[in-house]
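Encoded as structure tokens, the structure appears first; notes follow it.
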Amino acid sequence: MQILNLILVVFLILCAIAAGRTKDLVSAVVIFASYSLVMAVLWLMLQSPDVAMTEAAIGAGVTTIMFVAVISRTSRIEK
Amino acid sequence: MFSIHLPVIVLLIPLVTALIIPVIADRNSALLQFVVGSAMILATLLVAIALSGTLRGEIFTYYFGDWLPGLGIEFIINVFSGFMSLLVLFMATLILFYAFKDISHDLPEHLIPYYYTLIFLMLFAMIGMIYTNDLFNLYVFMEILSLTSCAIVSIKRTGKNLLASIKYLMQGTIGSVSILMGIAFIYMASGHLNISTIAETMPAIWAAHPQNVLIALGFMLTGFGIKAAVFPLHTWLPDAHSTAPTPSSALLSGLVVKIYLFAMMKVMFQVIGIDILREVGIQFFLVLFAVAGMIMGSVFAIGQKDLKRILAYSSVAQIGYIMLGIALASPSGLNAAFFHVVSHALMKGALFLSAGAIIYNTGKRNVDDFNGIGYRMPFSMTVFTIAAFGMIGIPGVSGFISKWYLSMAVMEGGHPWILLVILFSSFLNSMYYLPIVIKGFLCAECEGSPNVMGRDSLPASMWIPMAIMAFLIILFGLFPQLIMNITGQMPHLFL
Amino acid sequence: MHSLWIEFLDHVNYIGAACLFVVGLYTVITHSNLIKKIIGINIMETSVFLLFVSIGFVSGAKPPILAVGEPGGFFVNPLPSALILTGIVVGVAITVYGLSMVIQIHKEYGTIELDEIVETEKEIKTQIFRKQDDTSHV
Amino acid sequence: MDDQIVRVISRIIIPFIQVYGIFVVMHGHLSPGGGFPGGAILGASIILYTLAFGAEAGAKMIPHRTSKWLESGAILLYIAIGLVGIGVGRTFLTNRAAGFPMGELGNVISAGFIPFITIAIGIKVASTMITLFHTMIGKDPH
Amino acid sequence: MKHAFLIVTLAGLLIVMSYSFIQMPAIGSEEHPAFNEVSQYYLQRTAQDTNALNVVAVIITDYRALDTLGEATVLFTSVAAVLSVLVVAHPKPNKKMDEENHG
């Protein structure tokens, strides 16, 4: 269990770094969505299903849609 | 019976007003003004009644949902919170009456209901932040406050506004995440969120996990420092406060920044406690930051040409004064800080409103164009002069009294060198306020201009608030005991 | 060395939260792209949430949902979860407001890179000054 | 957006999403979930509808006026429930002591005002998500 | 140079925070200070106090209901703020008629 926890945390940190370093904003947002989902799984493992559900619905779902909507109205590539 | 519920009623009036403005008063500006004005006056009266209760020595505590303070959320209304909420509501009433005419000058008509909605949400958050005795509840109110204070800057939608607002939002959010991190550290070590309960267990926590308390203190001081624009963290303030519509500038500079200072005081003195602060020796650093802010804010202001930008930088310097009083952490220092909170709110409000009136009538923002403006707008320029004298610290105006008491507190606290800094800072203040006044009133070639010392053509809803502020500045300058009697009861609540 | 590894494993979530906080802060400060900045702020916020939820965890305990007919049980601390529910919604509100300003800034300046926008602002300022100088000379 | 497959599939699954969202809101006090995730799921169903059938169809489904009323109304409902506590002589947001019916442990209608507040939050979150999305994708008139 | 300074500062922050975390009881330990009488009260008394099963939902809607009111207000604020930035003027029916009458 602890090892799985460690793997998830390492994955989270890698996702966070990757979301920062990707030049394509849509990819960055998708990486960020997967970050949120992994965070939801981690919270499920920490026995708080309410927070996991909220994060999956709001953090990974709605926030991503908003990001994509804004990117579609602005520019897609970070300079 | 009724008076027990006063705090929650005062809290709910702005919220309900904010909620009903978009649905009922959307298209009807007369109804909108009626709703806004009556809500403000009602809330001010109610909070004045609550203050009169606390002045008799009562302390209201309000347990939401009848739960004990550790379980639920608790409000505490003592002299400090009663008086400060009265200050907030009173100043906001004046500024909103001023805004009736001024804001339609700055904003397109369809945005005006949103503007008032945001202002009322902001008042709700400010009152909540003053009253609450719960750390997480403080955070929630603080987020409402930071969202609304960004939104009333960006509502003007010019490029500069948006840029200033997003800068404010980014730095402000870093600040609030830091504060939340600090709350997490404190919760980690204590397991409580109620401020009084944490204060009771603080000695045990300090013995068991001192590093947690220290890191929490660091995070919270950084966070509130960003939000209150304490000197090295002030970079968002000049842009945001100078580009915003005039009523927003007056509210942001006069009130919002101080609410964060109060929250900082709550954390420093009520959560962590003065003994631990003394043991850590953090006060000296805070004094240094305050002193640096007093000097550097004025130095930056001297180089500016835009009138509202000068006023914004001057706020950085004045926050330095308040911060100095807080950092001294003595009864006299806190007393001076509280007095300066009141007098700065009045003076900065009067300065921004008169500057707004000048911009409203003439469209001039650049100080170089102000030659003879006192002949065209004698009333606004007189109000500006009174408030500017207060900022410089000329006797007879309330700004002098706060500097006087601050100097006494400094002497008492054993830092006599700060007296020189206060004097030097006053000198710097006069270097950027006096030229404006001199240019406005003493102008050789303006004597023959058509409107020599006539009346400035301002609507009544604009000049009456300015007149009230100028009157109060002089009143509190001549009779400081009116405020001192009340602020004198406050320091023992913190120390 | 071995004991340090055990200590690390025992506090892995806390340390991970600290790493995420630092990564988020780094993203916010160094990137000039506004959307990247907002992503960074989100990462900072979730790091604090992770810290809170980890504080509330008790090993071997059940999630804090009671069952009818069972008198007791061993549950995790429910308070941090409740706080974080509030925190997530607050984070979304800030994100969305920041994004709406990004749209408007793009409309105004044609770009969402902060340093380019600052350059444009500077150019506008110098142009205004130049114009003022010209008029004053005339 | 003229993808036939997306439209047909959305038309099939949107009712299920909405039923699930309502379930999550209604059972907030009994099982994991509550106003926030439930409201977000409900809002997401309308967002999906908007994505599949275009912004105008979505705006027609939840017009701007309706969502404005829902947003203010949900918080006003919350405040009204809280004021009942003051009305019966207790404090703001009092539940059991204010005489709300407690019901049977484990039933959907139980726990005093908690289901009502959860519903208010659900309405609020759903309407907020929809309004924000519609504003974000809004096309400029010029 | 500035970049290096930033990285050193952030690394220092990380080390300080990690040092403080290592001093705390391990994750999941029952000796954790946060697992105290308050959370025990919530877990043991929820069923009697409110007749509900989900303790987290009870905390957000009953014990700490003011937080949730504030949070709903945050959502309302975000809607008002976003609309204030993005909404475009839609023509008013009344005003249009006025203009037509004038014209």
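Structure notes:
The first chain written gets the first letter, and so on, giving A, B, C, D and E; residue counts start at 1 in each chain.
We adopt the following convention: a residue touches a chain if its C-beta (ideal position, glycine included) is under 8 Å from a C-beta of that chain, and two chains touch if they have at least 3 such contacts.
Because the structure is a prediction, the values reported are computed rather than measured.
The set of chains in contact with chain B as well as chain C comprises D, E. Within the contact network of the assembly, the step distance from chain A to chain C comes to 1. Among the other chains, the CA centroid farthest from that of chain A is the one of B. Chain centroids computed from C-alpha atoms place E closest to the centre of all protein C-alpha atoms shown.
Chain geometry summary: the mean Cα position of chain C and that of chain D are 26 Å apart.
One finds 38 Å separating the Cα centroids of chain A and chain B.
One simple way to say how far apart two chains are is to compare their mean CA positions; for chain A and chain E this gives 18 Å.
Within chain C, residues 12-13, 19, 21, 25-26, 54-58, 63-65, 68, 79-81, 83, 85-86, 88-90, 92-94, 96-97, 99-104 each touch two or more of the remaining chains. Residue positions 17, 24, 32, 34-35, 38-39, 42, 47, 53-54, 56-57, 60, 62, 64-68, 70-71, 73-78, 81-83, 85-87 of chain E are each in touch with at least two other chains.
Residue positions of chain B with contacts to 2 or more other chains are 15, 19, 22, 64-65, 136, 140, 143, 147, 150-151, 154, 157, 162, 187-188. The full set of touching chain pairs reads A-C, A-D, A-E, B-C, B-D, B-E, C-D, C-E, D-E. Per the touch definition, chain A reaches chain E in the complex via residues 48, 50-51. Across the interface of their complex, chain C is touched by residues 2, 5-6, 9-10, 12-13, 16-17, 19-20, 25, 28-29, 32, 35-36, 39, 42-43, 46-51, 54-55, 58-59, 62-63, 66-67, 70-71, 73-75, 78-79 of chain A. Within the complex formed with chain D, the chain B residues making contact are 1, 5, 8, 12, 15-16, 19-20, 22-23, 62-66. The part of chain D that touches chain B in the complex is made up of residues 68-69, 72, 75-76, 79, 85-86, 89-95, 97.
If you check the complex, the residues on chain C that touch chain E are 7, 10-15, 18-19, 21-22, 25-26, 29-30, 54-60, 64-68, 72, 75, 77-83, 85-86, 89-90, 92-94, 96-97, 100-101, 103-104.
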